[in-house]
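Common to both upcoming complexes is chain A, partnered first by chain B, then by chain C.
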Partner chain A sequence: MNKLNEYAVIGKKTTKTDAVAKVTGGARFATDIYLPNMLWAKVLRSPVPHARILRIDTEKAKKLDGVKAVLTAADVPEARYGALVLDMGMFARGKVRYIGEAVAAVAAVNEEIALAALKLIEVAYEPLPAVFDPLEAIKPGAPILHEDLKSYKTLFERTDKAMTGNVNYQAEITSGDLEAGFAQSDYIFEDSYEVPKQHPSYMEPNSTVALVDSDGRLVIHNTTQRPHINQAILSSLLGIPIAKIRVVPCHVGGGFGGKNRTLTEPTAAALALKTRQPVRLTFSHEEEFTSATTRHSGVMVMKTGVKKDGTLVASDVKLYYDCGAYAPTPNAVWLGAISSSGAYRIPHCRVEAYSIYTNKMMGGAFRGYGAPQSNFARESQMDRIARELKIDPIELRLKNCLVEGDSLHTGQKLHSVKVKETLLKARELSGWGKGRVPANRTLGVACGIFACGGFATSGIVRLNMDGTATVATGAMDMGQGLRTVMGQIAAEELGMAAEDVTVIIGDTDSTPFDVGIFGDRGTHTAGMAVQMAAQDARKQLVEQAAFAFKTTPNNIVLGGGKARLASDPDKVLDYKDLLGGGQYKKGGPIIGKASINLTETAFDPAIVRGAASRMFSTYTFATHIVEIEVDPKTGVVRVPKTYAVHDCGTVVNPDGLRGQIIGGLATGLGYALYEGVAFENGQVQNPSFLECRPPTAVDMPEIVFDTVEEFDEKGPFGAKGVGNVSVINMAPAIANAVETATGVRVTSLPITPGKIVQGLGQLAKEEA
Partner chain B sequence: MIPLPKFRYVEPTTLAEAAAILAAEGEDCQILGGGTDLVPSMRQGIFAPKTVLSLQAIDGLGRLEWSESDGLSIGAGVTLRRLETDATLRKLFPMLAQAVSEVASPSIRHMATLGGNLCLDTRCYYYNQSEDWKACSDLCLKVGGEFCKASPGGKAKKCFAVFSADVVPALIALKAQVTLVAKEGERTLDLAAFYSGDGARPNALKPGEILTGVVVPADRVGIKGSYLKYRIRQTIDYPIAGVALALRFGASGVVSEARLVLGGVASKPVLVKGIAELLEGQTLDRARIERAAQLARKAAIPQANTAGQRAHRKQMIHEFTTRAFEDLAREAR
Partner chain C sequence: MTETLSVPAKMPVRLRVNGQNRDLLIEPSASLLQVLREDLALTGTKEVCLLGSCGACTVLIDGKPALSCLVLAMACRGKAITTIEGLMEGGDLHPLQQAFIDKGAVQCGYCTPGMVMVGKALLDEKPNPTAEEARQAIAGNLCRCTGYQQIVEAIVAAPEIARTGSAKRPAGLMDSGPYLMPETGE
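Our next item is the complex of A and B:
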């Protein structure tokens, strides 16, 4: 049940705590840091997609005036890192595997000298055959990127196909009896879909300033979604104890998953350790588009068996995700496999999901995390089924959608499932089937599921002498508003005003561990730890008050920054009087803490093989209906309006929720219509915002927002996430609307005007 | 961010002074208008002038004057923002205002100048890249390589970089004249003749010359015009196909003058041949419009050097030409 009315802070309009600092330019980002004696680092990158490194000569560069250090693989420990597959070192060692891979780095007194020094480094390459297409890369005889793959350390249970050839991570999900399922089906649909790489397009490039402080500790100022994991990776790469490393993130100029990475930190740190001077390494925007990480490109093959009445019976899915030359987070492939059955009950399922090496830039984490690809396939095919069976697309979805108590194809039993309600509400809002839409507009629908929350986190809540509270969380705010939400959660629990709570995030010295912000775990999981820590502090505060009032704790009521007696509400003490002057009447200073892991149950190995995680805390759902205009002559598609209905549990911060949804839809819109990293022989052809084309404000639709009432018992005050699921429906919804409007089914992204016009047969043969 | 290479910055206050500096320094000196193209290109290492000469302090380059005898005179230094908001220009030549307002984005138009748009370099996937990027494979023709990599088969010995300035097709459709000033003197030519069609050296500007402005002849008043631009997003993006159509209608809807200019589909703005012969003295009907659209489609030679399928860009030219004619025919009625 939703208890919004009972809350004083939760669900109330709250201005982001960092809004003023950001709007006035006061907020400090990593690139704002200039330190005395600071050196500038630059990275030499591979100009070839695949080659053996025969020789690297850094002597000339080292002799250039102003150069303080030059490093290559030979100068750093031979350690590798990665989330599931430990395949990447700080620098290419022995081989380069993509254009843009780091080969050497220079630290110099200024940027110009650092760049000049790069030109003096001589590298001799012996070219090797390269492979750029994931389906080519898994064929026998394809060039192999990682010859010693089998010997690499991994952090998942390997299937037979994992870590062989060019396949690194692999997962298989088998539920029910696939053969029997297809035998029972009246119709079988088999389709193949293709998607390009998409860049996260955060405005602020990756950046680190590293230094060794006067106590000999390594200090990192950076822009990141995962300070504590940065700390652990730096420790393993550099051989320094974790306690000797401090990561102090700055404000983050957008992350969207792309900063759930450790890219600039190790290089800057190694150079700072070598020179004992502060070192700054900031990527150029070109480096962002060639040497950071993107959403995985891939091919999805989907075979689905259906009864005449539209009941989904069987589904066989193969996901071939192209992770590029290294696999920093093949977890995206795992999440793609989870979302590949859509928000539907399908009794007989098989999913085979592959993460495949090619000689291209890396695939990593990006909002939607594996699901935009598989959901594009699932939701496109759902509309095809609806069309063939002459069933209304929303009816078909309603007939098959998951409900409370159903299990996913992974065997995980679900709670908090309101996808049906999102479909119904979106249908109502959009006037679907009611003929309310203007004649030149067409509706398209898609719904989706995304795993929400999990993994380890912790929180600390300290009550201060003046009656205020300081919350510490290792989770990061990358602009999504986590600081504000954490403050709201603690304030609600402690009976304080939101302004009286200050939230410290990220700094690994003052905050406890969090695994990083991804997978809708900010509000839901880190928020849960903060709520529990606040409950712990509250309990101690109640005891303090009971002692002061000489009564029992159950006679104490907290609220509005005051403690009162339940039996005599006129007896009141301000928190500051209870905590005042550090003169604690009973016990010591109040510190609440909590330490949790919301992914503790393993998947059933009879159903899931190669799981990249244990079972997720919960799942979030959403339905999006787009209203599009297609010009039948030019193929140009505009999306003037979108209805977004989310099942996100309790809404903690309504403006924050809207912000998240707007951002998610923008990413989804770009994926659907404009974006895509283009390659020629492994080289990125369009390494800029201008040519990669994330949507602008002008391209954005008017958005009608809504949520369905829901309370998820696993989240703080019933909250779930919204960051990922808001991305995954736009592309299929638009593709579906395009087919309704024009009769053309586009099965590859982006849905360009050229593809539509070609489908309409408007392009003369010789020109096409 | 890639740092700007070092250069000397000069800001002469007279045209004579500017011309003298240019004459002395030759190709080592480059002219700065609003810098919205020059500066990003310098960061990428495409240009590395020893001297950057700004025109902003020169009196007269900021003129925007209308007279019934001399027409509309626009100085090279006038910003696009001023052009698109100027009441006289909007009233007399709405197509021109329309074309200007399609350039880039509002913030860029506040900086960008007319001179910079007219002298905008041609663009290509293989050219508008950093030095490091280009070092990954053979250089293209425009930067000293052997072949145009964007040409069909990648083997042409001519550069096909694409002409992408939005304002130019509209000005050519309006028969604008352009004035170039050098130490030796000045010359005026048809704007259409200013463009060479060679992607490597897209215009007739000689070393030492400054484009000082354009004039739209007074007799162009009364012309009906339409500029339609195709780009991927609804703002910022360069044109990947554009159509500027200028028509004058006589009594009972007979076309007395017709000019059609294409942008974004060749290495220069393409003045479509045969349009005047086809239409002047005729009324517009479906068949003639279709014939004109076919001529336009044939004249477009888009290459794989920017966004969009080549075939689709040709088809857009066909469709936009048709629409431009239909729009103006409707207006004329």
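Our next item is the complex of A and C:
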């Protein structure tokens, strides 16, 4: 099904539209905005994990020379926001629930004065018992974070366990007959796994400049993955109509889900409204690590029934994800539940997924979104099963993996499933089982599935008088190259060169709605809307050409920026002549548009209860094989080589795809070996890149990368996403290789040298 | 009664940035990063950790890479400072800038200025670096987007671009000439 050869732009090397601006230092990020009269905002944060606020006195701070405004919860409307559970306000109200929670904010003429003013704010706290562990938090008698939880507004079908105690969001998936499944099984494996919080570690901190323009509209310049949702949240928090708010995002210095948040915008906006001066609020590096959002930490309990020959029969999974003190995106555990059966066919399944409050910083979205946790459990256990049943780990996976037409445990029937092909290709590339690896190296494998695409988006394609096109999408480019890919898609559809298409993103005044870029919906879903809008424009262009040539539309061929007569290919009109040469008489200016929602089918309520979404458009798959070296004395693991094979549908931009995948592997490597936000009584112990370090250039393996040929009929030109699935396999693959190399099974992340050395000591003791 | 915060007196300093002398009045404790970004509006140099741990603030001081967040501006008197804004020559991209574009080494771009400056320092010292040398050179610079591979490839590819003179004048408004109204026909 290789259609790549037919395309002029899709799949061809295309220069990233913003690359020149970014290599010359000209690209403007939100942190680069300095405006005349701009005030600097700073936030006073809770020093205690759980306490009642008895009193806040801001008088002294207000009197400091240069301070223009001080705000607390008392000064802003009592409104809450969140993706599924509306539980968080702009400032702590009545109670603080984690160390780092916003209590008050100051705007002053410079940063020094703003910081000095924070010290003058007096807050009296009455400490409350706190809980830091999700399993402790769901025990009877645990301290309760949100006493009024039941009264909070929610945007999902509540199960009876949802919104009770410290559980906010909850979901259950049941397919087949679990008891019968375990009864049919020859072996039952039961394991528990634990993972820490991982910070998204985008390089650019959260930052907003808010101002009130001369028309009295609120204008926000920020760094975000979801300008249109920012706009809606600001509207509901501040009580201003959506149309009176304009969000104009700057270049985004990395997001990875972490900027699918609204953190700095409301505070900066409230201060700007109060002072009528531009206000800038930028998180400090430390605030990033205490008061932004991280990947959810959690515990996964997995019980799996298997036949002697390795056939998976039954699976009972419990996911306890720690969302911290608020639940801005508890959907993570929903995505975790979807990925928790792995890329496998398991006839009898139950998943119970909990999002649980603790007195810690918030869990949010981060690349892989819920799946790195559950896939670490699934793929670690798959290797344990393979070892005990003495089956080759890849053979075990091949035996059970999903194929075209299979259904997931959620009941969703799958199309475009090439996980088997990724396993086979990765096996071949790595020389698995062929004794090709050097003696000091060991291989480990993992594969995975991730939901791709869906939700609402729209696109507009306008054809200009000079034969160029302007594309508008509300979807954001957070660096992954969305603008370039949208341009390629429109150019292909319109028969133009990529350079002749300009893509406008983000600005809520000039772009139509998109729900935010997450869950592999950039290329796939925003791309679909842009393609459909371009088709709409194309149809109108064909009509104009037919009018100009005095022929019928089916006699028109478009391509290379020209319209031709099919019956007489020498008759040619450049788009610029067609569009600029008075043809506006017929039909008016050409504007193509599309509004779509690719998640329209609900899950079967007999199988899924508490679904946080409708069915996803499609799924992406990947297999990763790592080659590792372990130093048996120090326990230090190195990963010199990794083989990555992806099922990503049609490749739209080869350089972009490769960069996405290698970047995802780097994040997966960090999750596996280095990163993990450490807490002591709710206090982050390692709040910086010095202490919580992402992988560097010298940590990275050599990467052998490939894709399997696939065409997803629901994606634009057959494309699917790749950003998330690239993250989810590294940790289990490395854990699996570590066990092969040392005999030590590490069931918690990160896989530190200490855990390996301790495990080796344990093994030595058992042998003695 | 309002209170007033006492601020240290500013001092005059002459800095040589991207080949130009700049006379400034700055706080003695100001970092070079702060002065570049806030006093000179050279915001290409990025501020991330302020701890010397990420490399995003890298500039060249007398040709050597330096973390501008850890250097006092006052200490740069009499030295030549080069920032990302000073790399283009006569309107053409530096070969390394072109290489970053060609190799797909740029994603979000927040680490890019620091990476390019470190890469340039390496190329000035070793005109034909190996991939391993390039990797070592950028080991102190964090990038969350790319996984570093295409950055390494860009540094290795830059010498060839320099030799063939294939660094381009960036397309964009500056090259597009005056905009004329197209013929509107009948």
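Rule of thumb we're sticking to: the second predicted complex is superposed on the first by the 757 of 768 C-alpha atoms of A that agree within 3 Å, B and C clash if a C-alpha of one lies under 4 Å from a C-alpha of the other, contacts with A are read in each partner's own complex, and residues count from 1 in each chain.
The definition used in the following text is that a contact is a pair of C-beta atoms (placed from the backbone, for glycine too) under 8 Å apart; a residue touches a chain by one contact, two chains touch by 3 or more.
None of the values given here were measured: they were computed from a predicted structure.
Look at A:574: by the touch rule set out above, it reaches neither chain B nor chain C.
In the superposed pair of complexes, A:709 makes contact with neither chain B nor chain C. In the superposed model, A:690 lies in contact with both chain B and chain C. With both structures placed on the common chain, the touch criterion links A:667 to chain C but leaves chain B unconnected. Residue contacts after overlaying the shared chain place A:112 against chain B and chain C alike. In the superposition on chain A, A:15 makes contact with chain C only, not with chain B. Set side by side, chain B and chain C differ in how many residues of chain A they touch, and the one touching more is C.
In the superposition on chain A, A:757 makes contact with chain B only, not with chain C.
Residue contacts after overlaying the shared chain place A:26 against chain C, while chain B stays out of touching range.
When the shared chain is aligned, chain B and chain C each come close enough to touch A:285.
112, 205, 285, 690, 693, 696, 698 are the residues of chain A that lie in the contact sets of both chain B and chain C, per the superposition on chain A.
Touching chain C in their complex are the following residues of chain A: 15-16, 18-29, 31-32, 34, 60, 63-66, 112-113, 116, 200-205, 251-256, 285, 465-466, 478-481, 499, 576, 580-583, 655-656, 658-659, 662-667, 688-690, 693-694, 696-698, 700, 703. Those residues of chain C that touch chain A in the complex are listed here as 1-5, 7, 37-38, 41-51, 53-54, 56, 83-85, 87-88, 93, 97, 100-113, 116, 135-136, 138-152, 170-172, 182-186. Those residues of chain A lying in contact with chain B across their complex are 45, 47-48, 99, 111-112, 115, 205, 282, 284-286, 290, 633-636, 638, 674, 681, 683, 685-687, 690-691, 693, 695-696, 698-699, 752-754, 757-758, 762-764, 767-768. Of all residues in chain B, only 1-3, 6, 105, 125, 129-130, 132-133, 135-137, 230, 232-237, 307-312, 314-316, 319 touch chain A in the complex they form.
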